[in-house]
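So, here's a batch of structures to check.
The same subunit A turns up in both complexes below, where it pairs with subunit B and then with subunit C.
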Partner chain A sequence: MSALAATEAGSRGHFWRVFLIGGLISYRALFYWINPWQYVPTMLAAPLFQILFFVYLGRAAGVGSTAFFVVGNSIQICSMSGIYGMTMAISNERQFQTLSPILATPSNRLAVFLGRGLPVLITGFQTTCFGFLVSALILGFRPAPAELPMLLLTVLVTAGSCTGFGMALGSVGLRVRDVFLISNIAYFAVLLVCGVEVPLSQLPGAVRGLAQFLPLTHGIAAGRLLAAGRGGGAAVSDILLELLVGCCWAAFAYLLFRHFERSGRRTGAFDRL
Partner chain B sequence: MAEPLRWPRVLAIGWFYQLKMQAQSGFMIMTALVQPLIFATIAMADQQAGTRSLPILYYALGAGIMGIWSTVVFGCGGVISWQRHQGMLEPLVMAPVPFVLVLMGITLGTATVGLYSMAATLVWAEVVFRAHVQMADPLLFSVSAVLTVVSLGLLGLVMGSSFVLYRNSNAISNMLEYPVWLVTGLLVPLSLLPGWTRPIAYALAPTWGVQALRATALGGQPLPDIGFCLVASVAYLGLGVWLVGKVEHRARRTATLNFQ
Partner chain C sequence: MRGLHRTYRTTVGTLRRRRLEVEAVRGIDLEIGRGELFGLLGPNGAGKTTTIRMLCTLLLPTSGTVRVLGLDAVTQAREVRRRIGYVFGGDRGLYDRLSAYDNLRYFAELYALDPRRMRARIGEVLESVGRAGREKERVEGFSRGMRQRLHLARGLLHDPPVLFFDEPTIGVDPVGAREVRQLISGLQERGKTVLLTTHYMFEADSLCQRIAVISRGRIVASGSPRDLKSAVSDRTVVEIEAYGIGEPALARMRQLPGVESVTVENKDQAQVVSVQSRDSVQLTGRLMELLQGVRVERIGTREPTLEDAYVALVTGG
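Then we have the complex of A and B:
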């Protein structure tokens, strides 16, 4: 093996090590809700009550079906991990004054950045699966069995796009003092804007337009088609759009992260709160 | 001045300072203003899209109390833990006034911030959803609103003193928003919920508060609901005083006042 090839292989190995191990360590260190005493009430119980609340609200108003609210809310709850988890995973480095040491290392920035997303994505996927499972048990939610693999793929893609969106919010947290305020507003705003609780057709045109650029909108639309047994073909375009939205948000987040890194180096203000 | 004569002043000053502090907290403004507006919009939009027609004002009032409950659950649930975190618990316990009065000022002040949400959802209903916001009995509506805030503040006192035994009290707060919104009938009529939820609803002040507000706004008999809200407040006060005394005594005896 030539020296150049060995260096390239070493560099690739380093990338994956930072991506996987670094991502896992940062998740364990920075994700507040990893402790079971936090995880169960926050990531399982609260989302379950959210599903129940909106299913009953729908029944009270006589709008939508149980499946409409179960699918919308079960998919939306993955954004709890995507939005809050990624905000914690990136901006808490600044809060805990550990951002400077990380940015002083020669590690690949893309590996540092994306590695944090993987555990968050898996957590979001788990939360949504839990939502579907409990809805099946207590609300009688029965998606078409043949569509389950595609439904799971939709959930995975949507959890990924929420993670990309959360990355952007987390990057904003490198500069803004109280980024959790923005994350809170974002988490609740998607309930309204992305067609989770209200059919998109009922929303004003401008809001519908905005929804096309946000995570969840296309994923939930695909999820509803699949749960209704309309076939994977009908949902493919929505799944691809969700993937595209997620990739765009992740790319934007990475650019934002590098921009704040450069400006932080210039002004010597990485950890300033 | 005799000691008990100072108590209203302690309560009033604690309430006022807490109100000033919370009114400047971005998180509280989000909780009391932005979040209820989002929920009010969802409920009103669903109402317009749906087949059952409850008045828009029904949802506006419910969403307003949802906001008060959120400020209480997040602002009061960790009240003792927060004072401890800030290093203020020992000076407050040592102060020559009953500790429960200090905590009560804090929880009532926090609940009062929730009035933002009531005002915001009513204005929202009028401006955006063209609802005709006119109260059937403005005087009793004001009485009901004040009583609802007081009862929720006192419920916050009970929560704050019981959550202190649980290290992850913020996780309980995260979990408690939706179930209380649901079982107390803030947006969903109690008649649609399973029967076993009824006793829980009756034990919680938001149930009586929202019923009193709806009766005074939309027309009805608010006095029984106002009465039950009053009874709930007295019960919470008694329970809160007892719990705070227990917690304070235990912390003094075991010298764990400042332990995280």
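Then we have the complex of A and C:
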């Protein structure tokens, strides 16, 4: 064994270092929109236009309130990071062919995998906060100050669940070429299905059922309750559901990754990415 | 530390990797001694990478066993991973958008290096591959040779006793390739066990004490470079430099009695045809007959080289 390895690759110290430091390094390596030239247009400008577009569309058509669209869209834009960012942060390993060297290390796989999520989650959180902030400044969105802490919590949980969902896409991308096609569909599907622009009650039953298992649905519901000043107590169950959905997706994503690692060892699928 | 661990054994016994009916490795038995620099030599598609990936725990053998330092690469994968470095050729395998330092830093974390020593260690390995001073530059702008050295540095980070190099000089310019070879032979001096694959004859010849020639998934010969040469010592090689020898003429050369193999290399506009045979007495005359009407610059006989031995082995001569 190497004399240099002070911490056992199985130890807790190793886990947290790979999770935090490793996660940040790989995020910088794989998340394309990190430099300001891409970050500003994709993570700030485009989402902002999305909010404005739907709020004004709603006003022009006389449907929904400003708060309905502001909350729905501001929360949904965190999936820009969660869905696209997470797909990149995992499946771009393919393009750089760095998966083999990583899998040849004794590192803790859970830490390697989940570590990529934290910076993506934070990026998504920022995007949504930015959305709310601008909405407050130019659209007159005024949530009750007392609800703000819970609203921030909702945003955090939802950014997390989108990240978990994106992890699953990332894992799929290790196997499937052109996973970004799926990510594109996913981004617009959640826009339609998860009650962002259309109240769930107006969607067909089957779609409404599906929405229960997707990220955003419960988070947006919680956000709307909070924005309407209905109190934190009313939103708790939705926040917990959103958390549950996110954890399930993340767990599924990790299992999928491990499955691909194992089957890759068996079939040699990772040699030819 | 214990007696058991002192023998380094790599036995890749009767492996069968079936995929799309491709049997990439068909029964390889190899044992590499501790501290040895061993060369696995073979043409493209011979099964070198497949073999290395099984040794690196990245691929399971369809059958057979793979042991590294006495540890089973299938069931004790994690233990094996701690003790090996894996370096492959080609310009991928690094994060282009990160600096050399950050590329190494990521792997230093994955190998669980002592955090207090990490920076110093990264400096050391960069130094040892001659990359000190440029560690803050993005890999994006690196040349093939620089990338390869960074690959090498990564393989050395955790100071593993066993290193696997899969065609480490592929696509590197001659000067860079030479530096990479120097680094590899320096590793042996530091007591490392190295398995190197290559399809360059001279690389195996100049670096390795022992070579195994692999062709279509089987070891067709092994021994020191000198042993391999002696396998063809009963042959002579007739070398012809000429212009415009067609396929039909080459085919007829292969039919001549005693001819083992005929290979063609293009040198500027000329062709250099090497004809290996066991019986050269009448060969030159017969070849000249065949080549009537062709402009022959030079024709001569020479002793077989390791390259000829290799060509004979992989073409089944």
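Criterion: the second predicted complex is superposed on the first by the 261 of 273 C-alpha atoms of A that agree within 3 Å, B and C clash if a C-alpha of one lies under 4 Å from a C-alpha of the other, contacts with A are read in each partner's own complex, and residues count from 1 in each chain.
As a convention for this text, contacts are C-beta pairs under 8 Å (C-beta built on N, C-alpha and C of every residue); 3 or more make two chains touch, one makes a residue touch a chain.
Keep in mind it's a predicted model, so treat the numbers as computed, not measured.
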| item | value |
| --- | --- |
| First, second, both or neither for A:267, with subunit B first and subunit C second | second |
| Subunit B versus subunit C as contact partner of A:97, first or second or both or neither | second |
| First (subunit B), second (subunit C), both or neither touched by A:210 | neither |
| Partner chain(s) touched by A:53 [first = subunit B, second = subunit C, both, neither] | first |
| Touched partner set for A:185, first subunit B, second subunit C, both or neither | first |
| Which of subunit B and subunit C A:144 touches, first, second, both or neither | neither |
| First (subunit B), second (subunit C), both or neither touched by A:62 | first |
| Doubly contacted subunit A residues - partners subunit C and subunit B | none |
| Touching residues (chain side subunit A, partner subunit C) in the complex | 1-9, 11, 13-14, 17-18, 21-22, 25-26, 28-30, 96-98, 100-107, 112, 264-268, 270-271 |
| In the complex, subunit C residues that touch subunit A | 17, 19, 49-50, 53, 56-60, 78-79, 81-84, 86, 88, 90, 92-98, 102, 105-107, 109-117, 121, 154, 157-160 |
| Footprint of subunit A on subunit B - complex, ascending | 26-27, 30-31, 34-35, 38-39, 41-43, 45-52, 54, 167-168, 170-172, 174-175, 177-179, 181-182, 187-189, 192-193 |
| Touching residues on subunit A, where the partner in the complex is subunit B | 33, 35, 37-38, 40-42, 45-46, 49-50, 52-53, 56-64, 178, 180-181, 184-185, 188-189, 191-192, 197-199, 202-203 |
